[in-house]
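Handing you a structure now.
A, B and C are the chain letters, set down in written order, and residue numbers restart from 1 in every chain.
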Amino acid sequence: MALDSRFYDFKGSQTLRALSAICGFDLSEATDAEISGIAAAGLAGPGDICFHEGNAKTAANVSATATACFVKEASAEGLPEGVIPLVVAIPRLAHIHAAEALFELKSWSAEGDDASIHPDAEIAPGVFIGAGASIGAGSVIGPNVVIGPGVQIGMGTKIGANASIRCALIGNHVNILSGARIGESGFGVTSGPEGAVDVPQWGRVIIQDYVMIGGNTCIDRGAFSDTIVGERSKIDNLVQIGHNVVIGRNVLMASFSGISGTVNVGDGVLMGGRVGIADHLEIGEGAILTADAGVMSNVPAGETWGGRPAKPFRQFLREVAWLQRQVKRGKKPSV
Amino acid sequence: MALDSRFYDFKGSQTLRALSAICGFDLSEATDAEISGIAAAGLAGPGDICFHEGNAKTAANVSATATACFVKEASAEGLPEGVIPLVVAIPRLAHIHAAEALFELKSWSAEGDDASIHPDAEIAPGVFIGAGASIGAGSVIGPNVVIGPGVQIGMGTKIGANASIRCALIGNHVNILSGARIGESGFGVTSGPEGAVDVPQWGRVIIQDYVMIGGNTCIDRGAFSDTIVGERSKIDNLVQIGHNVVIGRNVLMASFSGISGTVNVGDGVLMGGRVGIADHLEIGEGAILTADAGVMSNVPAGETWGGRPAKPFRQFLREVAWLQRQVKRGKKPSV
Amino acid sequence: MALDSRFYDFKGSQTLRALSAICGFDLSEATDAEISGIAAAGLAGPGDICFHEGNAKTAANVSATATACFVKEASAEGLPEGVIPLVVAIPRLAHIHAAEALFELKSWSAEGDDASIHPDAEIAPGVFIGAGASIGAGSVIGPNVVIGPGVQIGMGTKIGANASIRCALIGNHVNILSGARIGESGFGVTSGPEGAVDVPQWGRVIIQDYVMIGGNTCIDRGAFSDTIVGERSKIDNLVQIGHNVVIGRNVLMASFSGISGTVNVGDGVLMGGRVGIADHLEIGEGAILTADAGVMSNVPAGETWGGRPAKPFRQFLREVAWLQRQVKRGKKPSV
C-alpha cells in the first residue's frame, strides 16, 4: 500500500537486498524484489512489506499477495506460499525500520505547493496552514490554529482556537472546538534492544460531515489504515479516540470517554462520561454504555451495559444492590 | 432575555409569523407578536420564546410571562394562560432554529471596536485579542493565547500559553494555566430528522477572583445562563466543567474531575481526582467526594461520599471490606 | 537551595528581620541571619528557610543545617538545635510569602539573553522561544509552540503544534505531541485567612532521552525539586503527572492515567488506561497496573494490581467473579 502522499513523503522503492542491511535480516537468497509499500499483514499486496508477530499457525492469515513479511524463525514456515519470509528477532521493530526507509511523515511545516483556501473561508490571525492543505467555502478557522500539510477541510466547517489537525480529511459542517488534537500519532510501543521504542503511525483520520469534536479532545491517526468518525457523531471535551477506531453515525460520547485502538463502534451508540473501551472490541449498533462503564468484551447491539468490568446494566445494578443489602444487614457478615 | 451583546450579535426582532416559516410550525391564528429574546422555559419573560419538552403537567412550570413556547401537541394545553403555544414535533429543535434567526455567536475573530488593554498589562507575542475585549492593569497574557471578542479580564490575572477564552468574564488575580479552554460550547445534542444535531449554547462563563484553573482544563459556557466558578476555587489540570454548573467559593477539584451540566457545588467542597458528578445534582456545602467517586444523587452538606455509584464513604468502605473478607475466606464461596 | 536561575529570578538575600515584617512572625531575638534560599524541610541547608506543618516529634526530621523553619508554636521545640524556629499560625502560608520575597517565576515572555538555536534546528512559524532557551541540532519545533525562558531542548527532539514548555530540561530524541503542557505549576493549595491560596511551585521538569509524551498531556513541575520522566518512557494522550513525581525508564502509561504528587514509579512499570495513583506512593519496578486501577497503597515490584481501590489483580478478579455468582444464583439473596 502506498501511503497518502499528502501526509507522507515516499522516498522511493527499495530492494529487499537494500532493506536487509537496514533492518538486520539475512536474505536466504539474494533477492532484488522491490518493496514500495507497507501495510497491515492481512491487507498487504504486491510490493508491500508487512510483519507477523504471532505463531506459525496464525501466520497463515498474512495476505498471500504480500511480497515479504517479517516473522520470527518459528513462524516462518506458516506464511502463505509466495510471501518471502524475513526472519528477525522482533518483527515489528524490523518493520519500523523498513517503513522509515520507504516513507517519512511530513513535518508540520513542510514546504511545498501552496495551500488552497476558498475566498469565502475566514482565516483568523496566527493560523498556520501547511503546504497542499485545502479549506472549503464558508469554513471558519480560529486564531492560532495549526493545519498540517495536505489536510483537507470541507465547506462550512469551524475550527476553534489553538486546535491542531494533521494527516486528516475533515468533512463539511464539522465543528471542532478549541484545543482539539486531530491526527496525532497513535500510542504504539514495542521493545527494542535498548528498551521501549515508538511505533510510527502511517494512517489518517477521517471526520465525516456534521461531526462535533469537543475542546482538548484527541483523535489519533491510524497505524496503517484510518481512524474514522461517522456522520453526525458528537464528541464531548477531553475524549480520547485511539488509532484505527471506526465510529459510526450519530454516536454520542461524553467527557473523559476513551476508546483504545482498533475498536468498532456501531451507529447510534451512546456513551456516558468516563466510559473506557479496551482494544479490538465491537460495540453493536444502538448500544448504551452508562457513565463509567469499563468495557472489556464485545457489547451486543441494542444492549445497555455498565460497571467495571462492564456487564449488562441490570446485572450490574443487582450486584450493587445485593452487596449493599448484605453489608447493611449487620456489622458482622452474616455468612 | 437579550443575550450578552459582547458575545452574541442580535439580528433584530422577528414576528411569530416570520418565525413560523423558519421553524416549521403552524400558527393557529395569524400573529404579529414580536420575539426579541430566548430563555430557559422557567425564566422566559415578555418578548421571549422558549421550549418545553415535558408533558402537559410539567408545562405549567413554563414562565407565565413568556410570549411563546414550543411544545408537543399533547403538552400544549398545559401551558400557562397567555403563553402562545407553538406546536411542533421536536420543541428543542424548533427553538434552535428560532434562536439562530435572532442571534449569532460572534466568531473568534469578529471585527468591531478595538480592545481595551491597560498600559500596565503584559501581552506576550502571538496573542490574539478580539474586538471589544478588555484586559486590566497588571494582567499577564502568555504567548499565543486567544481571547475572544468581548471577553473581560480583570486586574492581576495571569493567562498561560496557548489558552483560549471566549464568552467569559474573568475576575481579578485569577490564574489560568496553559491550554485551558474557557467558554467553549457546552455538550448539547438533540435529534433532528437526519440524526443528531448540536444545540447551540448562548450563555457565558464567569470566573471570580483568585480562582486557579489548571492546564488543559475545559469550562463550558452556559446554555442560556452562566457557568460560574466562585472566588478562590482551585481547579487542577484536565478537569471538565459542563454548562450551567455553579461552583461556590473555596472549592477544590483534582485532576480528571468532571461535572455534568446544571450541577450546583456548595462552598468548600473538596473533590479528589477522577470524581464524576451526573447532571442536575446538588453537592452541599463542605461535602467531600473521595477520589474516583461517581456521584449519581444529591450529596448533603458536610458529608463524605465515595465509590461508584457514590454513597457515604464509610458505607462504601464497609462494602469493600466485607466483599474482600467473603472471598478471602476460601476459594469456594461459603454460601 | 538556590533555585534554577534559568527559570526563577533571585531578588537577593533577606535578613530574618526583614522577612519577619513580610511573613508576620515575631523574632524571639533580633537576628540578621541571611536567608538566600528555600527548600523542602528535609533537604534545607545553610541559608535556607523551610516550613514544617507536622507535630513536635516529626519536627526532628527537619534538616539540622537549615537556617530557619516556620513552625506552629506547639512544634517549635521539636526542631533540631541550630534551626531558628519562626512561629506562625500557618507555616506553609508564611513560607509562601518568604519564598516570594526571595524569588520570582520568570514570566512566559521574560526579556533577557537571546535564545540559542542550533542552525540545524527547524523552527516553524508562530513559535515563541523565551530568553535564554536553547534548542539543539536536528530538533523540530511545530507551529505556534511556546517555549518558556531558559528551557533547554536537546538534539533530534520533536515538539508538536501548540504545545508549551516552561521550567523544563528536555533531552535528546524526545517526542512531545501537540498541546502537551510541560512544566505548569503543580496543584498546591493551602488555607489562608481569606480562603484557599495557591502554593507557588519552584521546581522543574526533567524529560530524559527517547521519551514520548502524548497530545494534551500535562506534566507539572516540582514544588521544590524536580518532576522526572526517565529514559524511553512512553506516555499516551491526556495523562496527568503531578509535581515531584519520579518515573523510571521504559514506563508505559495509557490515556487518562494520572499520578498524584511525589510518587515514585519504578523502571518498566506498565499502566493501562485510566489508572490513578494517590500521592506519596511507591510503585515497584516492573509492576503492572491494569486499566482503571485506583492505587491507594504501595505496589511491590513485579506484581499485577487492579480494581478500585487497587489490590493484587487475581484477588480483584476473584471478588468480581464471586459477587457475580452470588447474585446470579437467585433473585432473592441466598444468605
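The rule is short, and it goes like this: contacts are C-beta pairs under 8 Å (C-beta built on N, C-alpha and C of every residue); 3 or more make two chains touch, one makes a residue touch a chain.
It should be emphasised that the depicted structure is a prediction, and the values quoted were computed from it without experimental measurement.
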Checklist entry - Shared interface numbers for subunit A and subunit B above half of all numbers used, same, or below, different? => result different
Checklist entry - Quick one: how far do you have to rotate subunit B to sit on subunit C, C-alpha fit, nearest 5 degrees? => result 120
Next on the checklist: Centroid of subunit A to centroid of subunit B, CA atoms only: how many Å?
Outcome noted: 31
Checklist outcome for this item: Multi-chain contacts in subunit C, i.e. residues touching at least two other chains, fall at 126, 144, 162, 179, 216, 238, 256, 274, 308, 323, 326, 335
Next on the checklist: Can you tell me which positions in subunit C touch subunit A when the two form their complex?
Outcome noted: 122, 124-126, 140, 142-144, 160-162, 175, 177-179, 210, 212, 214-216, 231-234, 236-238, 249-250, 252, 254-256, 273-274, 291-292, 308, 320, 323-324, 326-328, 333, 335
Next on the checklist: Give the list of subunit B residues in touch with subunit A in this complex.
Outcome noted: 107-109, 126, 128, 144, 146, 148, 162-164, 166, 179, 181, 184-185, 187, 189, 194-198, 216, 218, 220, 238, 240, 242, 256, 258, 260, 274, 276, 278, 294, 308-309, 311, 315, 318-319, 322-323, 325-326, 329, 334-335
